[in-house]
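Notes for the one structure printed next.
We call the chains A, B and C, going by the order they appear; numbering starts again at 1 in every chain.
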């Protein structure tokens, strides 16, 4: 199909098949998203993050672990080290590039575990109500009461420090808000006529929750996850900063800030560069989340 | 009769991703101290017309007209600060559902007093007296208790009467009522309309009554404008509505089920695209 | 044997001193093939009766029978094949993320039909929507079109009784006429029994043969539509309702001040 023909096919008001209807819905959503310049900036930042992480060995000018004690604490713009070197002479730029992989790893794991767990707990509690709701919500409250760092300390004490345990600790404290959102949405959706209508067709609770309620909750969860990403990255950075997350010599951005802390007055770039990286990625997620929210919700309004 | 309101060639446009949407297209009418009904279905532009007169339409919506004159002054020339003075004091609006138009976290009394003091000079005590008078004017039997109550404690009919009281407190010259009784039960509609009727008559106000209910507007108003797709397709005197000639008006009248006479099938309105294209019918010169 | 029979029906919400009685001691019958109207103002309990019948209201007592069989507290597949409902708000009765095709396929699937394709085509045809509408989503449909889809969904299991909860009150006048005509045609074609709730007496007069007038949860009168047209009510509340529905009559203003 020609370009113009494809576009018309995707923009049609009268789709002729399920596939076309789906594709059209996605394309029109993309058009809506694309019209928001800030959202596109966010998307660009995240694509950049993905690209940097994927091509790290090809992009990084140096090995991130190689130490060069003669070249310690070189400033920005030093030939061969555009972002300078840290206290052990390692190239900061290369460490940032390889660190993006760790950031991506953490973000992906938490983004998969926490919202999905929250969705299941929240929708089941919201739909079934009664004592199921009460029990599940009290469990949610218990996890909500744990401060992230305290739980992380507990994990480290029990299982040893490391990235996977940090991710687990973050996920365990991140899922309750999603459960609450999902439950609140479920309580509203449950009263809708379209749910009554499908009950009158003989649908059971599992079908109703999975096929009718989940699709409606997912958009607000996606938006919430992207907006929470900043917090998750910072949490991971914080754990790294405390030495509870990625262990040295791993180039995790939070750990890099921690290492650079001592030199902040005279060699500010050692801590600031990773800080800027965290800032940029968090900003990217925030902008993306805002853009997604504008796109994913309007169809619910008439 | 000097015109209280003179609207000429009103256009309301909204830019959307797929082009510009014209909600109101070249509407003109004049209103003296009488009741004008604006009737149309959803999407006809009737509510937008009311909001445009009060300049309540915010960007990206665009309002253009040759003029919107209130007692000779063009409202389109006014600044927002001047419009704030005009809203309430010279033109007021009563909307459909008091659940959504009354502030739920303020008592009725606080809202009435605020409405009064925005436009009149006077202390709280005087405002209170005026508010109580107004509540009695809308036939509320226990005004003291109502002043202390919150909107959610009121029934629909009472809420709408409070809304009318609030909007008429500053003694405006023109009232725009946008579906004022559509959210009310049938038995209460009559009461609220009686009150509106009496107040508009006693104060010599002009009234623009916007509704989808053709028969109600014909019974309540002096003249009727029928809108379709942003244009005025017909104007006539209310008493002569059943002699209306435009096919859309006739179609609407004929497609209503009749209470008194059984019908096998209802006549279905066949929309002619030409109705949306012919220019608006203007006021009689 | 009547299609629907209600005896001493009480429906309430809440418990103990929070209890609100929505319907009190309602009794009436609907004959097979009849079109019966429930009229009243908001809070009269008319929609609650429909919800109790379909199992959507948890607390009720009394007796409800469908084609002679008494209903318990749960509804089964057989019930849903016989009794279906069309809801008031076309903007809320369709799932916003499901296309028309998905809505109908799911209903047909749940009722155990295997020949889904031809049935979908036939349902869309019955309600006056062509195949062009099949893959649209609700936000791409007008109010009248959505209501047609809701009617098609209700007809999917080939029910004998259709419950209509204010089916046209959210629609424009011109669209209302189309939908009412459609319902009339479908009733003749499929020999349906209608139980229709409405606050609009003109609509009820057009669609129904007998009506029950409700006030504050109780049925105050059951009358034929001819009596209603002739303004021959027995109960004072019915009289008030009938007079109010005739529209606005300007009362002459009293002479002199106050």
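Heads up, the rule we're going with is that a contact is a pair of C-beta atoms (placed from the backbone, for glycine too) under 8 Å apart; a residue touches a chain by one contact, two chains touch by 3 or more.
Everything numeric in this text was worked out from a predicted model, so none of it was measured.
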Greatest separation from subunit B - chain, by CA centre: A
Contact-richer chain pair [B-C vs A-B]: B-C
Inter-chain centre distance, subunit A versus subunit B - centres from mean C-alpha coordinates, in Å: 49
Whole-Å separation of chain centres (CA-atom averages), subunit B against subunit C: 32
Subunit C, residues touching no fewer than two other chains: none
Residue ranges of subunit C in contact with subunit A within the complex: 54-56, 77, 80, 84-85, 87-89, 91-97, 99, 101-102, 106-107, 110-111, 132-133, 135-137, 139-140, 150, 153, 156-157
Residue ranges of subunit A touching subunit B (in the complex, touch as defined): 31-32, 35
Contact footprint of subunit A on subunit B as seen in their complex: 17
Contacting residues of subunit B [partner subunit C, same complex]: 41-42, 156, 185-187, 189-190, 193-194, 197-198, 201, 212, 214-216, 219-220, 251-252, 255-263, 265-269, 271
For the subunit C and subunit B complex, residues of the former touching the latter: 41-42, 143, 172-174, 176-178, 180-181, 184, 199, 201-203, 205-207, 229, 240-241, 244-251, 253
